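In the part that follows, the structures are each spelled out as structure tokens.
You will see two complexes here that share subunit A, one where it goes with subunit B and one where it goes with subunit C.
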Partner chain A sequence: MENKTHFDWKLAVRYGLLAGAVSLSVSVIGMVELFAQRDLIAGVLTLGQVILFLAPVGLSYIIAGKQPPGKKGYALLAGLITSLVASLPLVILVILATSFNLREFLPNVSPALINTLTFGQGVIPGIFILMIVMGILGILSAGMYLLPERFRKPIMMGLLWTLIIGMFSEILTERLRSFFGVGISKVVFSGKALRPTTALVIFIIVTLISAAWYRRGEAVKERIADSPTMQSKQFRWGVFAVVGVIFLLLPFLLGTYLSEVANNVLIFAIMGFGLNIVVGFAGLLDLGYVAFFAIGAYMMALLTSDADQGIAGMSFWLAIPICVAVAILAGITLGIPVLRMRGDYLAIVTLAFGEIIRILVLSDLLKPYIGGAQGILKIPKPTIIGLDLVKPDQFYYVVLLGCIFAAFISWRLSGARLGRQWMAMREDEDVAEAMGINLVSTKLLAFAIGAGFSGLAGAIFASKLTSIFPHSFSLMISINVLCMIIVGGIGSLPGVIIGSLALVGLPELLREFKEFRLLMYGILLIVMMLARPEGLWPSAVRKRELLAYQETGPTADPTAVESET
Partner chain B sequence: MSILTASSVTKRFGGLVAVNSYDFEIDQGQIVSIIGPNGAGKTTFFNCLTGFYQADEGKMLFNGVLLNGRSPDKITQLGIARTYQNIRLFPAMTAIENILVGEHSRLKTFWAEAVVQTKRYKVEEEKAEEEANRLLQYVGLAGLGDQISRNLPYGAQRRLELARALASKPSLLLLDEPTAGMNPQESTEMMRFIQDLRDDLGITILLIEHDMRVVMGISEYISVLDFGTKIAEGTAAEIQSNPRVIEAYLGRGAASGLENQAAAVPAQ
Partner chain C sequence: MLGSWRDIDWIGIVLWILRAIIIVMVIWGTIATIIDNPYTYRQWIDFIIFGIAQGSMYALIAIGYTLVYGVLFMINFAHGEFFMSGIMTATVFIATPMAASGFLDAQPILALLIIGLVAVIVSISVALLTERVAYRPLRKAPRLVPLITAIGASFFWQHYFRGLYGSQVIPFPVPDVLRGTILIFGTQVLKSQIIVIVVAVIMLIGLNFFILRTRTGKAIRAVAEDKDTAALMGIDVDRSVAITFATGAAMAGVAGLLYALVYTQVHWYMGFIPGIKAFTAAVLGGIGSIPGAAIGGLLIGLFESLGPALFLEGLGIPAPHQLKDVIAFTMLILVLIFRPQGIIGERLSEKKA
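Showing the complex of A and B:
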């Protein structure tokens, strides 16, 4: 006990260096500078600063939690040291950048970055300001940890929401303007950022609401859950109806640009539902999933296009079942040769299949028929009762319909005999077969239905863009969809939508992120696997499974769980 | 009347003859054990019966139907179910789901019926779930249906595996070391349970077992394998006094007296 009361300098310095390394990296690769262009709170905070300070603040908070309880001074000191040490690499960067020409080998260390790091106050004063700001943030962050939970949680929620609203202020401004006129939006936002006063108001409101929820929320939740109306069928239908109406009215709320984003999210969600069946339910790792997307899209183009390659001049609605049918056939065609493959081998073969389709589409061989690199143009948009669904907020309903179709089939099958077949096959193929399950038909059904959904998404995608090109069907799409269902929660249907929002919707909204998309995927996946391996919205079974796993531990002693007869 | 007849079944893995020209027969309603030292080929024989391996030679007839060349799912549909030596449940699925998968071969609806929820589908699913709950109760796991099977205690997992095997309504049940890892009291209970299965449900039972107390206690007939070859068969009393069996289990020394022990050690 004696030696534990000593202050652990080493740990604080180590955390500080770690935080400093993160901050330095995001600066050097150009993230800070790029994001500094996006103001969150006008004149006060940019997204670049948030990214710069994220690691020092976070690690100060964590290290405060590692101090012996009852030693409040230690916690604050640890936070201070961590953040000060974290500022050192940045200080060195500033000094080096002003004395030497670092841009020769670090092109992102620009005067603008130095300006951001020194708060525009010149080198020497800037360095001190940076250290002081870091130090204060570290102490505040460590201080946060010391607050009782009933204060800490609401304040954190307040900060989080203020940051989120600030991050999306560009879109929110535009929306506010179209609903309430320029006046209101000028009051709340200044340019593309929150006004400091509005930021403060949002922070206070969210904090108060969250504090009230923290005090009473659990009780309210219980009371609602216990009340008989909550469990009744009518109530569930009510929830269903409300969600349905929200989805139907969404384009009016979102406007043209956001509807376009929503369309992309939903098209990827359709693919997500399909891949969720193949990977999530049946456990067949398919990395060539984009192939069926391409097949669906090219079928739509061939059947409906007015260009030279168009062969049938069909309407969208007539073509779509054919596209899905062809994708299903392709799914079965891929399925048959890989029936006996498992795990890694399956992944490699499907990966190759995806590439084969892409290269075929690009090839000179098929150029006369499907246009090669020039693609196919003049694909008409769908019409319904004489109405052309041209604008994104009209086309939205077509995508929504497809998405509901895919979600509905997934949902019904997941609880049915076929769903159980898939899950059993995923868990143990040999035993599943010994239970009387025909592996051939079960696997082919998974491939076929998954491919059908992907083909549906592709067909809608082609019609949405009105033209398709081979480069739209790269391996990245497969990886994107796979990441989506992992982040959302593998095997979970709401998780598909959540994953699609996070990995397709967010990057569209924060356009600066596009440049760092892959980096973000990597970070996100690592963080997810460490913090929430079950995904953002896990399926019920998987959640229970992982929780139980954590409770008993991976190396639980089998003798410890003796039979209770 | 014999329900299963295997004649000169042989299974080779490269140069190793795991099962060597094995003749075996089991009558309707019997409880029969196959015993033998580790590596004698008992589980391999099970795997040949259930279609997991294809026998290289010999014929296996189940109720007059040839089993050779059939895939495991087809054999299960004929009415053979099995459990595994090292429990092989579907670990991430709940207890009820495990049993429902076991019922698979008896369910008839087409998958698309689940999407449109036809009456036939709903009735069948309801019945299947009822049956699964009944089985759960039958093996003494009532109320544990929603548990993830991996999290069940060891004994419960064994019983759940049995329930899953019973769910296909088999006429022949193959049990691979059903009492492995159990204490004497638990294995006594398991013995009683196996006897009840035969007496109440009329299921023919073939088991592999190492616990001699269990083997001698419930088997009406015993077949002994050693290095893939049948060395003896008969009732419990006959097997217990058979010198070749004692030799296989304890070594030649024990069988032919202490004076030969020194000579026997290098032979084993």
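Showing the complex of A and C:
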């Protein structure tokens, strides 16, 4: 009997509407227009266009995969329909915006946005161009699915890297210029974007390399992994040393601006290590983590500032242990009342603590002491043997020192008795207590050490900025750090750095992101929990647990403090 | 013996001391204020009525927290955003054009009904979308996972609507009929506050009827009791959960309209603080209980409007009204520490709390 499969129109239309809704959303909330100012490939592609077309292209690719195998025409048709349907909401938006003044309601539906959507060709031709471009992209991306894997993967890699390099052209130009002079940088980049020809060259090179890697890579990797040098201790120390040297020389490679970014990344990483102990190791979801950051920063300001609020006029190095000690004390003080709380109630209470501290800092009540909304100014930078560490590339070493300190302590603790007590407590408090773990001291130690790291980060932060304001200590910081460790992988130490690079470093390099940072974080939190709860660089234990969780269902508990009710 | 000092309940003692300090501070502040008597009788009445109006708004929002917690044992952190999204959309697309065309003043009741309806519809849509995408796939996951997605959803919606309608504060046009005061029991009361209280009471009675008397309400209660058994009895659990979210969001949508009437403005960040306070109200009253949410909401509203004047001022704190949010947050902490089961509401087992 002939197996007759009909083409699933409904599915294609539904996917198209979904993609259209996403594209329409990113347009009307202003993302497309904002990112349209960042060229990736000069005159060809802007970041705004990438964001606009991302959903239709992605869903065309996915729907091509849902077609019955062997029906190549179906896959292409599905891709075409999905992307064409996806273009309809945008077309309607363009028509509406040109006939009515939509801006009254939606301030971001600006003439500039319409211009971007219609490729600057006027309304009627622009609509057709938009639909044609969408359709072609849909077919191309569906066609991509039909390619055999050995072609598909390298091509995708090539595209990805071209986009990434294009995205960072501004910084790469600046770096190339300072190392090789203007000449080279002019060849590769035009203004702040890739030249089309170099983009093509990069695409071809990356594609070829990854094609070669695809054919031979696995074998090579295995051979290296099996070789005895790879497994020896010396080799691991060697890797360690190389990484260390790279970290030490980083400011010379990066220059002033990127050093500043690196400083922020490392400061957040210090906080990440601290929260990783509280949330990742001990399983206590703390949303008021910013409180200790604020306490550390304000202590530093009070102890060292030359302004009226300064009380001691200490040096940075003398003040820093005091800041950490005060933060630890605060951690214990705030920890005691919540010792008996678990899970989501703990999260809400800590959030309330964080907000209370923020409001108190802003209020008139404490204004005589810590300056209210005007903050505290004139915090000196640290000095080493008469040398003021003023510039970001000098200050980097202070931050690096703090970060190494935090990382080292976290690393040693994770394997120590205390670390394993935390993890036992995370899995099941009652069982842990029955095994003889003193819950009170174990929990308090987690809060204390976490708070200490946060205080350290705060103190360094205050000294870096030389002035602090209450607005720097909003709930957003807590959420930011939480996102970081979730993205990196809860309980994983390299994950903290990865998370910090991705969530603190990237948005600083792409400054337009600033406005939509929290929107992205929101999406990221949801997507990570849905698709990759173990994070980008999961810890080995957690990976195993999650595997068991997926196999046995919810009885084995990966992230929770307690089991299902 | 050596072990004996370890047996003392240190934390219990510390918590008792904390409780005593707070009670003493509140009493001291109150007495000092009463002796000082800085406010007139009229002002106190204003504080109380404002507190009740605000409290009834909190009560409506708290219903959403309580319903969802009762059914899923999950803190729907994004609930404040359901509240914000409805009234923001209704203000931008309905209320402002209506005010410009004069319809709002010509037909105030009809206009407010339309605004409220739109707000409710948008709130419900946002809630259903959030539930479908961020909560439903994770229903069997450990309990912290949906809390994290809820935080994510909250931030997403805040900034989505910020992008949509801009980051500025949008004025809400109040019909002329509702401006000014009327005389009730010999005191002048703001009309908008009376409307808020009346509407909130009607909504709460309606909700109670819906949950206790209708088939759907029965299904929701059955799902809250035991999902698996409810499913065996032929109840569509997914549908009941979705209806629970929709009911909570509808209440939040109405609360949004009431907020706009009281404060005469809306903005993208307006959901966060009322959301936290309403959650406090739900916990204070006993989370999972509808009368509890109503009582808790009223209490929080009253504390917040009376508290700064009544006991913070007595303690000699400058500009006490800056600290009204601190009162709500402190109450949240105290309730969760000392009486997690709330005023009404059965004692939740340790595992649940």
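The rule we apply is simple: the second predicted complex is superposed on the first by the 545 of 565 C-alpha atoms of A that agree within 3 Å, B and C clash if a C-alpha of one lies under 4 Å from a C-alpha of the other, contacts with A are read in each partner's own complex, and residues count from 1 in each chain.
The rule is short, and it goes like this: a contact is a pair of C-beta atoms (placed from the backbone, for glycine too) under 8 Å apart; a residue touches a chain by one contact, two chains touch by 3 or more.
Computed from a predicted model, the values in this text were never measured in an experiment.
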Touched partner set for A:418, first subunit B, second subunit C, both or neither: first
First, second, both or neither for A:364, with subunit B first and subunit C second: second
First (subunit B), second (subunit C), both or neither touched by A:409: first
Contacts of A:437 with subunit B and subunit C, given as first, second, both or neither: first
Touched partner set for A:428, first subunit B, second subunit C, both or neither: first
Which of subunit B and subunit C A:197 touches, first, second, both or neither: neither
Per-residue contact with subunit A, leading partner among subunit C and subunit B: C
Subunit B versus subunit C as contact partner of A:344, first or second or both or neither: second
Residues of subunit A that lie at the interface with subunit B and also at the interface with subunit C: 558, 561-565
Residue ranges of subunit A in contact with subunit B within the complex: 408-409, 412-413, 415-421, 423-424, 427-428, 430-439, 445, 541-542, 544-545, 548, 552, 558, 561-565
Residues of subunit C that touch subunit A when the two form their complex: 10-11, 14-15, 18, 73-75, 92-93, 133-134, 137-138, 140-149, 151-160, 162-166, 276, 279, 317-319, 322-323, 325-326, 329-330, 332-333, 336-337, 340, 350-353
Residues of subunit B defined as touching subunit A within the complex: 50, 52, 71-73, 76-77, 82, 84, 88, 90-94, 97, 100-102, 104-105, 107, 109, 111, 114-115, 117, 121, 125, 148, 150-151, 153-156, 158, 164, 168, 182, 185-186, 189
Subunit A - residues contacting subunit C, complex: 25, 28-31, 105-108, 285, 287, 336-345, 347-349, 351-353, 355-356, 359-360, 362-365, 440, 479, 482, 486, 515-516, 518-519, 521-526, 529-530, 533, 553-554, 557-565
